[in-house]
Amino acid sequence: MINNELCTVVSHKEIAPSVFELILEGELTSSMNEPGQFVHVRVAGGIDPLLRRPLSIADIIKEKNQFTLIYRVQGRGTSILAGKRPGDKIDILGPLGHGFPVSEVKPGDTALLVGGGIGVPPLYELSKQLREQGVKVIHVLGFQTKEAVFYEDAFRQLGETFIATDDGSYGEKGFVTDVIKNREIAFDCLYSCGPIPMLKALKNAYGKDKKVYLSLEERMACGIGACFACVCRMSEDPDDSSYKRICSDGPVFAAEEVLL
Amino acid sequence: MINNELCTVVSHKEIAPSVFELILEGELTSSMNEPGQFVHVRVAGGIDPLLRRPLSIADIIKEKNQFTLIYRVQGRGTSILAGKRPGDKIDILGPLGHGFPVSEVKPGDTALLVGGGIGVPPLYELSKQLREQGVKVIHVLGFQTKEAVFYEDAFRQLGETFIATDDGSYGEKGFVTDVIKNREIAFDCLYSCGPIPMLKALKNAYGKDKKVYLSLEERMACGIGACFACVCRMSEDPDDSSYKRICSDGPVFAAEEVLL
Amino acid sequence: MNRLSVELPGLSLKNPVMPASGCFGFGREFSQLYDLSELGAIMIKATTVEPRFGNATPRVAETPGGMLNAIGLQNPGLEKVIEEELPWLEQFDVPIIANVAGSYEEDYVEVAREISKVKNVHALELNISCPNVKTGGIAFGTIPEVAKSLTKKVKEVSSVPVYVKLSPNVRDIVEMAKAVEEGGADGLTMINTLLGMRIDLQTGKPVLANKTGGLSGPAIKPVALRMIYEVSQNVDLPIIGMGGIQSAEDVIEFFYAGASAVAVGTANFVDPFVCPKIIKELPELMDRLGIDHISDCTGRSWNKHARIAHYRP
Amino acid sequence: MNRLSVELPGLSLKNPVMPASGCFGFGREFSQLYDLSELGAIMIKATTVEPRFGNATPRVAETPGGMLNAIGLQNPGLEKVIEEELPWLEQFDVPIIANVAGSYEEDYVEVAREISKVKNVHALELNISCPNVKTGGIAFGTIPEVAKSLTKKVKEVSSVPVYVKLSPNVRDIVEMAKAVEEGGADGLTMINTLLGMRIDLQTGKPVLANKTGGLSGPAIKPVALRMIYEVSQNVDLPIIGMGGIQSAEDVIEFFYAGASAVAVGTANFVDPFVCPKIIKELPELMDRLGIDHISDCTGRSWNKHARIAHYRP
């Protein structure tokens, strides 16, 4: 059920330079189930900015009717969002899209969760749900620098966690794919969210042999599947017109399903 | 000196339905001298709304570096303004324009101040300054209804004050001009601010025999005299191209100078 | 009396508010949010003969008070629209206006002939103004003779009234309107998007993969109002107005300019409930403004006496 | 090295930022706020042969992200501009671009001949695109042949380079640009305002006394960018870009689109210090974007290699 609700800011803090953790309270939390779904946020009431901003749900706290968003200040929309104070109301549309399929792994299986930068947040709720199901979770999280790292402890509480930084200022230097290879990490199913080059590398390395689920991003308008702004091409495309809408068919897809 | 400053909201309250008294603090107060000048207010930082809003200076409290605006919520701009809380910053450009000439009356003279609705505010500072100069002030203030009346006590403390309401729900029923006539109010100089029909009536009744100064309104863009948005025609216009800019040559004009 | 009802060629509308083409898909997504029968009508996404994938992504970019799109007429093709989308829409008590597009005259004619036969299609909207396709599209909408000829051909085969959707990217909108009136159009819809672009500062390249796109949203409202104001005084066709409408106030402003009904596009992305909200708010606003029946205020900005709406029985 | 200097026909600019015509009067008001010598140039208010009062008020109306104006070329007339305004401006170290307007070809020619003789006038801006005057104005700017002929006549008499100001209210802006290029223009300035209108809900009448007006401000930025992008690739004249510029970021976006300098209009009303602010912020932004010299990035959105700015010595 997609809802539209004025949610209340419960807490809002900077957890890394320009990265904010925003906890919101609202009835629509009760409709949030799949990890990897997102909400469409209207950061201001008027026309400045005009469009909503898609942000992934990072954590669902059902018993309190609260959920968490983690975002990086990028442009005008997220800058305005960063100014919201506890008690303020924010217009939220959601939950939207289809998330990571948690039923693809059985209790006792191992799931590898690979996140890059601001793609890390939805993996937190995913990890929580997998753990609840009795799945073993391993996290490989890539960040630019030591300062950019967030939620490391939170992930560690759920399972083994490796950090990679581009500049080697923390954890291992290099790409998340290097970490997986070097550490010879074994897994039954891979879930990932992050920049396209990272997703491509993962698809190429593991897409053929393993179950791989990727969360994609694209510029959106409606966020609900009506405007065709956010399509991606499918791997099988007989008449050159096959597509999926990232907002409503995704944002999570099986790696073999879509062209990156 | 025209200044541009982020002023701080000191107090903000509704003093009549949809009419707000906003007290701001800022260095530019020190440049405010003439009663009847205005400030150009940017109610929001972005493009919604885009333009500034002109509001008259109602009260100058030099010793505290504070000044007062009194405004009625009209459309989008004033609605947003009404949401500002003490401590918030507001972008103010001013003081702008030329106000009421207080030196036109001598100590001991009588000045009649006639205000209509949301034209009343600038008369308060004017009255204060005239009183300081030893001028006797009489106020005739018109409002729509009893509820719409504001600042009555404040004016009473400075001089005799008559209230007229359109519907007779308070004070005398009818136009301010009726009050002046019925009461046979004598004066040396008349100052007025309010709706055009009122100003016209005053000009017609007293413009020939008395000194009459009127504060005009027009839709503005720049507020400083550069865009020619706010011109009015002059009474003497030999080549059909004479004009005054209300924002920078006015907003106060001698009644015989301009066409209404 | 229903104060919101509007009668237009082919269309008996319970209210004058409908989603604009391309901003509502074929209604499936919004049907999860509210009952589509509340709408005056639905303008469905442009339909072409063959399925189209459309342009590469990114397809949208934000602009001050507006947005650009270069979707490129993505749609499942005539056959699927007739066999799947339109029958699905039959469950709602709402007339459909089918948006017809193509690259060549023959395409338009084929889509128009077939789609106009479908039961719940009450009118066609001839999209001669899409700025986002390489061939056809906007060329048909910016050259009067071409527009007139196409209108005529489509009129010949259509089983329902034909509204022609005008492009604002012209020097003289009245000239275009007159041309399609001569071509036999039953009504006009206006405006489509203005051609625009944004450039990404980091890459130095256009934000849209298609480079340029169509500007919609509140930013274009004054242009839409001006064009409707001009056209409504010079052409005898009813106008479905659009371009930046977000509120009941905007709807009245479009009626005053000369519209007889309105469509809401971009605002559906900002607030997916905007259409039913506007419909609900209209009567109260009309009370405040002293408007008895919505059709009474068509053209009020240029006509002292409320004009009698076209086709009002 | 001055990273902001720009060389254009007739204009050696210390930086590429100047106030747009009509948004800065003749500079007197803004001179109370900052030193006008900080500006790259000044485009003064349109000048006509005779003094003009202009249109009735209201002359401005706000729109979403923009504004409408219908000033109607109010100005003190050629004589006063030459005798009072321009000499007054001589105290500043800043080249003046004189905006030339009229109702007939002869008017333009007379103003151009006389005003181009004044010492601090370094270039003319031929205003063939004002939407707010009944005769002349926009007609000259929407018909290629008329624009070309006028440009030619003005070039014949002008003592300084002539920039022609293009109207966006056309179907094909490249066609217009080519016409004035053939007419001998030395440069282009674009865009002037889009025709628009607003209606007052209470009265039911247009807000502007002139009914329609010119739309400016951020709302039109994507249209301006698109037109500059198209024209700069098809015409060999330098472009002074304008339309909704508010920030240093906007300036770079216009350069990327194809501008060689920029003008700031409406934003002066929102923030009277906007021009010096932008000039101050440009170098830092250029550092972040890796731009050495401002002229290097003209046309970057369509040209892989930074284009060498026209007339860069």
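Chains here go by letter, A, B, C and D, matching the order in which they are written, and residues are numbered from 1 within each.
The rule is simple: contacts are C-beta pairs under 8 Å (C-beta built on N, C-alpha and C of every residue); 3 or more make two chains touch, one makes a residue touch a chain.
If you're wondering where the values come from, they're calculated on a predicted model, not measured in any experiment.
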Report summary line: Touching both subunit A and subunit B we find C, D
Report task. Going by C-alpha centroids, which chain is farthest from subunit B? Tell me that one. Result -> A
Requested in this report: Let me have the rounded angstrom distance from the C-alpha centre of subunit B over to the C-alpha centre of subunit D, please.
Outcome: 36
**Report entry** Mean-CA-position distance for subunit C and subunit B (Å)
**Finding:** 46
Report task. Any chance you could list the residues of subunit C touching two or more other chains? Result -> 64-66, 217-218
Query raised in the report: In subunit B, which residues are in touch with two or more of the other chains?
Result: 47-48
Query raised in the report: Looking at which chains touch which, would you call it a line, ring, star, complete or other?
Result: complete
Query - List of subunit A residues in touch with subunit B within their complex - result: 44, 46-48, 76
**Report entry** Complex contact set, residues of subunit C against subunit A
**Finding:** 22-25, 28-30, 32-33, 45, 50-54, 57-62, 64-67, 69, 71, 74, 76-77, 207, 217-218, 246, 266, 268-273
Report task. Would you tell me which residues of subunit D are touching subunit C in their complex? Result -> 63-66, 68, 142, 169-171, 194-199, 201-202, 204-206, 211-212, 215, 217-223, 225-226, 229, 244, 249, 252-253, 256-257, 289, 297, 300-301
Report summary line: In the complex, the residues of subunit B that touch subunit C are 47-48
Query raised in the report: If you look only at subunit B, which of its residues touch subunit D in the complex?
Result: 1-2, 4, 42, 47-52, 93, 218-233, 239-243, 248
